[in-house]
Amino acid sequence: MTRIRLGMVGGGNDAFIGGVHRIASRIDDRYELVAGALSSTPEKAQASGEALGLPRIYDDFKQMAIREARLKNGIEAVSIVTPNHVHYAAAREFLKRGIHVICDKPLTSNLSDAKKLVKAAENSGALFILTHNYTGYPMVRQAREMVANGAIGKIRVVQVEYPQDWLTVEQDFKQAEWRTDPERSGAGGSTGDIGTHAHNLARFITGLEVESLAADLDAFVPGRRVDDNGHVMLRFEGGAKGMLWCSQVAPGNENALRIRVYGETGGLEWAQEDPNYLWHTPLDEPKRLITRNGAGAGDAAARMSRIPPGHPEGYLEGFANIYSEAAEAIEAHRDGRPVDAEVLFPTVHDGLRGVEFVDACVRSSARNAAWVNLRG
Amino acid sequence: MTRIRLGMVGGGNDAFIGGVHRIASRIDDRYELVAGALSSTPEKAQASGEALGLPRIYDDFKQMAIREARLKNGIEAVSIVTPNHVHYAAAREFLKRGIHVICDKPLTSNLSDAKKLVKAAENSGALFILTHNYTGYPMVRQAREMVANGAIGKIRVVQVEYPQDWLTVEQDFKQAEWRTDPERSGAGGSTGDIGTHAHNLARFITGLEVESLAADLDAFVPGRRVDDNGHVMLRFEGGAKGMLWCSQVAPGNENALRIRVYGETGGLEWAQEDPNYLWHTPLDEPKRLITRNGAGAGDAAARMSRIPPGHPEGYLEGFANIYSEAAEAIEAHRDGRPVDAEVLFPTVHDGLRGVEFVDACVRSSARNAAWVNLRG
Amino acid sequence: MTRIRLGMVGGGNDAFIGGVHRIASRIDDRYELVAGALSSTPEKAQASGEALGLPRIYDDFKQMAIREARLKNGIEAVSIVTPNHVHYAAAREFLKRGIHVICDKPLTSNLSDAKKLVKAAENSGALFILTHNYTGYPMVRQAREMVANGAIGKIRVVQVEYPQDWLTVEQDFKQAEWRTDPERSGAGGSTGDIGTHAHNLARFITGLEVESLAADLDAFVPGRRVDDNGHVMLRFEGGAKGMLWCSQVAPGNENALRIRVYGETGGLEWAQEDPNYLWHTPLDEPKRLITRNGAGAGDAAARMSRIPPGHPEGYLEGFANIYSEAAEAIEAHRDGRPVDAEVLFPTVHDGLRGVEFVDACVRSSARNAAWVNLRG
Amino acid sequence: MTRIRLGMVGGGNDAFIGGVHRIASRIDDRYELVAGALSSTPEKAQASGEALGLPRIYDDFKQMAIREARLKNGIEAVSIVTPNHVHYAAAREFLKRGIHVICDKPLTSNLSDAKKLVKAAENSGALFILTHNYTGYPMVRQAREMVANGAIGKIRVVQVEYPQDWLTVEQDFKQAEWRTDPERSGAGGSTGDIGTHAHNLARFITGLEVESLAADLDAFVPGRRVDDNGHVMLRFEGGAKGMLWCSQVAPGNENALRIRVYGETGGLEWAQEDPNYLWHTPLDEPKRLITRNGAGAGDAAARMSRIPPGHPEGYLEGFANIYSEAAEAIEAHRDGRPVDAEVLFPTVHDGLRGVEFVDACVRSSARNAAWVNLRG
């Protein structure tokens, strides 16, 4: 089996998520990173590329797209791990040259770009994979499978939250800096950076779309220009109701994404910080602890697991699962065959939904938390 | 020390909360139950009174109030543990005769009664204690004390929730039956029965009043006439924001009242089902587990604790703490001295706040979750 | 129903366990404390009795036994809550006068006294109840019932531990002082004070007797005259094996009694500090969380529960369950009828087993942890 | 930076641990797997090598050692992931040709081989790294660092356990089969397979050697020829005492390695299944939860972490840390410079200690759990 030739845009020396993408691409050994435009600053792009020993280093993504597309063994896919406002422009260049795009979330920094990127992806023969990585966790797959199989009945209530504490006070390091700059992150702060993960996770597990929402957003840290706390009430298609809380100012919460789904005949609970466990309560029966690869876990989770129960897999493995699902699709594309039905990854359309979510939150909050429709 | 002579209204044979009040009144040995009108059905009142070996058994509360007030050693206090719609009428009879009232929550089944009851209490020389029992837990006192002492700084975010699962399907036993009948429980279902606890707990710990709220209530079980799930966004005085979730249809949640409070310099987390623990995260320090009577617990918690750390106290002890605080106040009243400053119990005014909360939730939800003011 | 007239020996003002016994006796309202010899110091006995408002106060237990036995409405039962070395002498006086004895553990401070006390109890018409209170927890009853019903198959492994940290450094307050004095506590320190609880709990849940043990005991705190840490390997009848760890010098453990039992077809796990939960893993199925009064809990636990699931009961309620079981037996005795089969409480014979356990630990440790037989 | 050229012995298609080693070697991108003798069956070796796309595939490890040693760009290191009884013979061939060995645990299947392997390693210029992978977890490093820094004072008690449940009934798949065959696994079953991990972890964190032990081993599953449950009492140098429990027949335990260390001034607790947390209790202070890369974590843990707190790392990352430490040493060796002082990995001497531990357990158990010395 030949590894997929991969390029990367963004992810230079002091970035966080670029390194994550690189490890994720290596874990299952289906990619080979061979080219990069790792920074918008040419010297940093060069230095970062050399530090990684990249065969081909570019000054900017457009140059990279043009040249790689012409190479006989140019990259087949590119990972885009820049700040949000660059996603659209970068992705467009690769998509129009038939190079698959694996893009970090949120899809774009504004709704207009998101819609254009959907078009660009639809007009391209290439694949678009959005790394809503939390959908790669085995027990998230397990939850989705159980919901689909009716294990908890018709869904009534969805409680999803994503509190963090790293922006409780003003921070000036790089990760914090662009994420709190509306020019680069988009109009949503916590809503865009983590609220979109929570929103996507709820959609992924329940299979339900949010029809409307009412949001009360705050920027608690003095001088902050984007929200750092969001309280959102959700109404799903079919009548389910939900709450979504995202926060970057909740001391004691490191990365506490958590979802609870309650239906007519049972409940499911999952927490990202303890990702190998899924709690399932069938109505009127004791709560059960389903573990990754353990008793009670089904096929959807087993596909995403590498090692036996009790040997914890974590964030990087969940992220790697998105890369492996992408590899499944890319290899199928290479071979001209359809992708297996069980292969799942977030698409450009999921990305659009996420940007619509942020946009709706911001608009709702500006109108005193009035309800904003998300569908049509 | 002479035990306080106590009467009881409601709490007959098949009631739940009456038995709880009786145990709570016994644990610290400061009360003696000597009279009762335990049911609105005279035969049941009689039988229930006999089963408890009560010295004086009455057919109805009014008769009891009149006669006990005339006795030389009549009751000094009465516990009212009827369905909500009876609270006002019963309390009034005792208050106007100078008999202290210990009343279950919510204060009344409607706002009009609540306001009249406040008047009745204000016009009475007697005390009024509302058994928002969760304020009696030692670690809730600890949390309140820490907030007051500035341990987490100015409060920004309050997440409080109270999910249960016992009404996930329709139930016809007595406890369920009156709680889902708006004539007896009031217009709020889950909001009244448990939402008021959550609301009061948030007020108690933070010392902040809710200024306005937006509520989206549902009755998920077919045919149910009151809400069984409530999603509420809260705005507190001073700018803090919050979410409150109450539900009786969340399988896997037995009695999962939980509160999390985040301030500028730290966070606090407490869960009723594991009540001997309080989690405290000072900003940029490791999370700490403060235990009842253990290292790090202060005076406010110690006052409410009977036994060493590691020897769990539970719901009944927390409830008994309200009775013991009431006893402190009643004994001070008896002796004509002021109550010690550290004695704390929910009052008729807290009760009014709770009924206002339910009323506001119902009104907000009827107006598509519009914001409703709670203050003046 | 007439309350059982109860006396108390020991449990004066600064004692811990006396207060626990008094609350425990009150919770279910089946006892009335009417007499006491609460201290070996007459003035303290008098002051402590007055503080409790006891009708009859005695200077010493012998005087109390003699006089109460002569009264028409003298005590029917006595709680003995003195330091261990007094248990035998006190119990004997009441037993020989037909007064039921409820005695704190361990049974006695030495094996000779224990054997004499067994005789005294056997020769008496009165009942003897030993307050190994942890057997009163509902989920401990649940575990015992499940083992008896074969829920985990033939038992192979029993891991029981009881670490505490309150004696990590030398302490000079009363509770610590007599417990580390071999004259009063007996030759075992942690083994006697808490090891006996662990040993009894293992026997209670599994229904198996320990046949032999090998113990390695230490007194880590300089100058301490009894063990403060015990490591014990256990061999049970029928081939099961076990480990028992008791410690008073394990920082971070408040009262962390915990037992895990593994059989051929499943496992059970219970921890005293979170007593409302029992973990059950049927072989090759997900772990289940059985809660007090919740789904999956059976009759044995329900008998011992007062309030719904999610409303935690604690140490005092578990202790009260022993008092209520004793009340069942005392009332049956009063009425001349047999005790119901489901009534369970530790007896003088369990007490003897406990003292034999301590004695065997001390002897084994003195012989370099050689195996010591406990049966015949 | 040039990747280290790596070979592998064992780890064919249906093996578990071979795949783990391969992922571990890839995560930090410091190795390139270029050769393998993946099975003792030549056809399987060939097929497995092809499945991995290995450049050079060998029928057996000796052939591989000889040929690779002669190649200009032959392997610099080899991972040995065969059943235990092959470790010695395979390692010897590479060591004597100056090829670094990364070997799975336990070191060998018997003490004689272990001693010979120590000699072979000492006589070789090459490095020997034993993959006691649990020492690679960041919070294990944190614990070791804290102990060394005196955070809990002089150690008194060490409780270490490693229960599993996968051999509760007889299994016939490959992983189970060789592990229960004394010819291939060695005389110890659970003691060798997992007890050695527990023993090594205790040594690693505490810095203390076990001086003597008393072991009671059982083979509970009918027909099993090696122990599946081991109860061991430990005496450490300097006077600390410990218990070690390993079991493969404890339903509900997937891979529940856990260690608790108690000293004169504090306690530490860590559990492999939740590896991102370390509990620290300073005496008379609240318990603290130290998280990987979170507040309170020090340099030793930070070196081993890739991503921010709250983003869980797991078993594979811990394993990868051993590979990265080995890479540090191999690169230093390549460059002729000393290895940095903070680089830590288990050596052949740790491996010998492990085999001595198994041997001592087996001998002790055969002599009715008599004490067996482990030092000189």
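Letters A, B, C and D name the chains as they come in the text, with residue numbers starting at 1 for each one.
Note that in this section contacts are C-beta pairs under 8 Å (C-beta built on N, C-alpha and C of every residue); 3 or more make two chains touch, one makes a residue touch a chain.
No experiment lies behind these values; they were computed from the predicted model shown.
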Smallest count of steps, each to a touching chain, taking chain A to chain C: 1
Same or different residue numbers at the chain C/chain D copy interface, by half rule: same
Mean-CA-position distance for chain D and chain B (Å): 55
Rounded Å distance, chain C centre to chain D centre (Cα mean): 43
Centre distance in Å when chain B and chain C are each reduced to the mean of their C-alpha atoms: 35
Touching two or more other chains - residue numbers and ranges from chain D: 253, 280, 287, 291, 294
Complex contacts: residues of chain D adjacent to chain B: 280, 284-291, 294-296
Touch list for chain D against partner chain A, complex: 1, 16, 19-20, 22-23, 26-29, 53, 164, 166, 253-256, 272-276, 291, 294, 306-317
Touching residues on chain D, where the partner in the complex is chain C: 152, 156-157, 159, 161, 165, 168-169, 214, 216, 218, 220, 229, 231, 233, 235, 241-243, 245, 247, 249-253, 260, 262-267, 269, 279-283, 287, 368-369, 371
